[in-house]
Amino acid sequence: MARVRVAVNGFGTIGKRVADAVAKQSDMELVGVTKTRPSFEARRAAEKGYRLYVAGANGAAEFEKAGLPVAGTVSDLLSQVDVVVDAAPEKVGRENRKLYDAAGVRAIFQGGEKSDVAEASFNALGNYAACLGKKSLRVVSCNTTGLARAASVVVPSWGVDHWEATLVRRASDPAETKRGPINGILPTFLLPSHHGPDVRTVFPDLSIATTAVVVPTTLMHVHVNHVRLERPPAHALDVVAAFRSAPRFHLFAPWEHVDGTPQVMEYARDRGIGFNDMMENVLWEEGVRLDGRDLYFFQAIHQESIVVPENVDAIRAMFHLAKDARESIAKTDQALGLAPH
Amino acid sequence: MARVRVAVNGFGTIGKRVADAVAKQSDMELVGVTKTRPSFEARRAAEKGYRLYVAGANGAAEFEKAGLPVAGTVSDLLSQVDVVVDAAPEKVGRENRKLYDAAGVRAIFQGGEKSDVAEASFNALGNYAACLGKKSLRVVSCNTTGLARAASVVVPSWGVDHWEATLVRRASDPAETKRGPINGILPTFLLPSHHGPDVRTVFPDLSIATTAVVVPTTLMHVHVNHVRLERPPAHALDVVAAFRSAPRFHLFAPWEHVDGTPQVMEYARDRGIGFNDMMENVLWEEGVRLDGRDLYFFQAIHQESIVVPENVDAIRAMFHLAKDARESIAKTDQALGLAPH
Amino acid sequence: MARVRVAVNGFGTIGKRVADAVAKQSDMELVGVTKTRPSFEARRAAEKGYRLYVAGANGAAEFEKAGLPVAGTVSDLLSQVDVVVDAAPEKVGRENRKLYDAAGVRAIFQGGEKSDVAEASFNALGNYAACLGKKSLRVVSCNTTGLARAASVVVPSWGVDHWEATLVRRASDPAETKRGPINGILPTFLLPSHHGPDVRTVFPDLSIATTAVVVPTTLMHVHVNHVRLERPPAHALDVVAAFRSAPRFHLFAPWEHVDGTPQVMEYARDRGIGFNDMMENVLWEEGVRLDGRDLYFFQAIHQESIVVPENVDAIRAMFHLAKDARESIAKTDQALGLAPH
Amino acid sequence: MARVRVAVNGFGTIGKRVADAVAKQSDMELVGVTKTRPSFEARRAAEKGYRLYVAGANGAAEFEKAGLPVAGTVSDLLSQVDVVVDAAPEKVGRENRKLYDAAGVRAIFQGGEKSDVAEASFNALGNYAACLGKKSLRVVSCNTTGLARAASVVVPSWGVDHWEATLVRRASDPAETKRGPINGILPTFLLPSHHGPDVRTVFPDLSIATTAVVVPTTLMHVHVNHVRLERPPAHALDVVAAFRSAPRFHLFAPWEHVDGTPQVMEYARDRGIGFNDMMENVLWEEGVRLDGRDLYFFQAIHQESIVVPENVDAIRAMFHLAKDARESIAKTDQALGLAPH
């Protein structure tokens, strides 16, 4: 079967990772990526052999001055692909959709867009089957992806009476140098926060309420979860075992001495997947506790990369490239160097 | 009636504030404070006219070299007072208790000590009456004080079925230059955290479960509260009104444009109480939401100062200096420049 | 003699401090301050009895809704004063100048404006006499003020062959929650930086070259100075003594245990001047070293407040309210609670 | 010729990187590494196939409990190697030296030790030839390595009359969660700082004076250099070209939009060398300026990795494995994936 031809529109934090991930899949072809201006990231794209297409008004002149070859415009790119992964800045995806519709290409949007940007919201473990063959999909945001994955383990295993989560959010990505705060905590006054309803775009029946604060870190989000279970297992170790056996979860044992997100990211650097990414939900065995029906657990979410494998699986769901979620996830994870399951 | 004679043992973050607070009370006399070595804080104590007593092995020599007069040793100080406020570093209070017992003086300990260091744990709004006449009291920690105050409003007004709180904790005080982390989040793996049981030293029957993370800020803690009420009021505005009418709560209106703890501390600097302290629980009107029986609210807690008025009230409870909590709180707050109620 | 009538246009970080400082001077009258929208700072202005005038397009409605009385527009305010202190955001002062010219009032601008916004650039210790009677003055920026003050001690005492300074700049003010970076260092690529030429608006003949980096702190700038002297004193202690005897310098002795800017700000909180400000250049005795003709010293500069007394003195210079810099500085410093000299 | 057998004693920040680097060299064999307790890093060592030897008193029990195979003790390891790279925490190397001497193995120490721990201090570009055949070497610290490399370009090209550098130092490594400060700047009161004399262990005749501050970042140090040249080139572009053509320098062009250390580290993640390291001195073309004889330039130094290739070259110098510095550096850099020259 011919490989699905993929464009990545926007080559920033998410786009560059999705491009790399697509390029590693045997059933996909990365046709090209877009960029609005030259930068070290554009240079890296060229060095990796990705064809660069120019987005925005500046045109190709700046790229040529920098010695970066340009293959055409966004329209040129769209005319050659089956699907475009939109990785534009938040809220721009909706605007871009017009281009995609005009070009008659399928599109995958990111979680910064509202859910009605696409036919369905997507999470591989959560609702792969419901997204088969869709013309447009929206991969839910990093925090929602983290929660949806966790729900995909907890809900079928023990049932959920009610889920509460406090999201302790990173204030900016590591390479963003303009955003703060430097020394403070900002509550998100929307109570409950928008993340709960967003999880329900994947798990429509889940009773979930979330709250959020922003804190001065760049590394990861941390979720503090408290879940009232319907049919609790006998022991917290059962919960640990269930997360350990699920794909896209990484658990640390106490003897690994990982006391927080700085150590998690250090592990990621040690492991050495591209960009030192941590695409799995990260849990700590010490940070899982079962108290009757009350399950508590922390999870750390790497905002830069957690949605990357989800974008790959979304393409598979869209084009029926795998027989089910499990097969797609296994393919994706193997190609990306994530732990096998 | 003679004023109660008070010593403050330890002149650090808490001690220097309690000393100032005691010095402002008409029914108390600050006899002296202790310090282990000269510092700018010792100099300020001298400039304020506080008598300095030397704690620790170094003796008076270093102080004299720095031009700071020394009035004697800790024992000298203890022999002249009715009560000592122990503001030593965490865990040292228990050791100090032997000195206090030997000197036959009453003692007030801080929340860093275990609850059995004293006859009872104290919070002015929470359990003043239960602490009357005690020989030793422990003022609960900053986070516990914040939660106990909030419970003292919520419990009698609407009843509490269950209280959940996630504590987003500051990693160090502003002047501590040795502690981190600089860029990360550290979960507290004890689940639920110790704060819930500590609140029950004041509200023994409260169903409460807390979780905690440490984040790289120095300014304040933020509590994310979710309370299942027994008899909810009609509207969130009723909750706002109840907090507004209680002492030691400060609420910000949306038009004040206070988006997080940096702005709260900026307000504190504008207000100009000593050390730019914020001794009240800080809430945001926007950050209070009622959804059926579910009450959500954020509160910010200034770890350096919130227990200061509590120490003053603890002395009053111990010596029957006020007829009830309300009178003691009113006296304390007026002397400290907190808002009247 | 009638007091000089002063308006403060802009009630942010600098404006609110200058307003308080002006209100404390016996030879000045604070007629009113301007604000574009209600905020906790506007509320504090009202609580302090400052008349609020509305700047910007929004008008008085929002203020009235918030219960804050409005006395009129900026034009109303300008019609009642002799001089306006412009404390608008950077670059807005130049625009405002048209208003001031139209109203025929004298004006004092801040260092964020280019030097040609006013007849002369001002620093009290540096060039008070040269600014007497001017119709408009620009108080140089916080970093330039810090350097100019230091030069006013060093140049006349020992002569300067050449001055090098690296400015380690704070990335945002404590209450700014939108600016970063959170975890990184940003070089200022202009080499040498603009600060050297700015110092020469006060000391035209000084040979000075500066460089700058921005770091993730909110508290203070730190200057690393290396000065090649023409006629060095015998010992570093002579340098310490000279700085100690100059106004607007604060030196810490080693026994005060102040290891960096967090402890400096803690001292400021202990001292208790409004907003816990530190209006002096801060030096450490340990941080002054003389090696032949080479003088090294660190100084910390509180970006929020160091220019406040300078604004007051600029008014005095403009209206001949003091016979010389020394008299003006002494008056200002006494009113503000700075150390006498 | 037989490969040199290498042990790495200490598998922390430096040790794990040196182990990886040694394992990649065709003329060296990594015999094993030591660790005091199990951790994720020990697990990664095992996963990479490195034999683990137990250092410290705890013995092998904890490792076995964690499922990590142990090959023996430090003594066992030392008996099998020609040279040990000591990567123990600062100041422990000197203690360890006794073990190495007793075992009769050559040793390479890190820059945290005093220079007399070894026969000579080493920097590959700076003094490779002077270190040939030594029994012990000390690779100078990260900051000193950065300065020595820069001097190795500047000194021979244009001569140095005098070198000034202000070192803006990171407060902790990214994975260290216990160190601060979180929001402040700490001057290093030793003036000039110890780095200048340390550079002279490599360039004995260089006139250099350094100063230092510590700032709340984990990513990189930044050096602000001002060099008075003896024979300046015609243009700053000549300086840029000289740095570009030297090994172990990485220069960013303006169009790459790298505004500070966060973006440098982002580039490092994009490039994808192990641990996302940046082993080169990083300069910005915009951050190089020549003004007559005065050369200014910024350089960023990745404290975690810059000394890694130097350790490899130190082994080569010790065992005469290359005919000169250039050959050793070229071999090392190719094996590590650094840019060719």
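Letters A, B, C and D mark the chains as written, and numbering starts fresh at 1 in each.
Convention: a contact is a pair of C-beta atoms (placed from the backbone, for glycine too) under 8 Å apart; a residue touches a chain by one contact, two chains touch by 3 or more.
Given the structure is predicted, the values throughout are model-derived calculations rather than measurements.
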Contact-richer chain pair [A-B vs A-D]: A-B
Of all other chains, the one whose Cα centre sits farthest from chain D: B
CA centroid of chain A to CA centroid of chain B, Å: 42
Distance between chain centroids, defined by C-alpha means - chain A, chain D (Å): 35
Chain D residues counted as touching two or more neighbouring chains: 174, 176-177, 181-184, 186, 216-218, 259-260, 262, 265
Chain-level touch network, classified as line, ring, star, complete or other: complete
Chain A to chain B touching residues, read off their complex: 164, 166, 168, 181, 183-187, 189, 191-192, 209, 211, 213-220, 222, 224, 226, 259-262, 265, 284, 286-289, 291, 294, 296-298, 300
Chain D-facing residues of chain B, complex: 171-172, 174, 176-184, 186, 216-218
Complex interface listing, chain A residues touching chain D: 16, 37-41, 43-44, 62, 65-66, 174-177, 182-183, 218, 252-253, 255-260, 262-263, 265-267, 269-272, 274-276
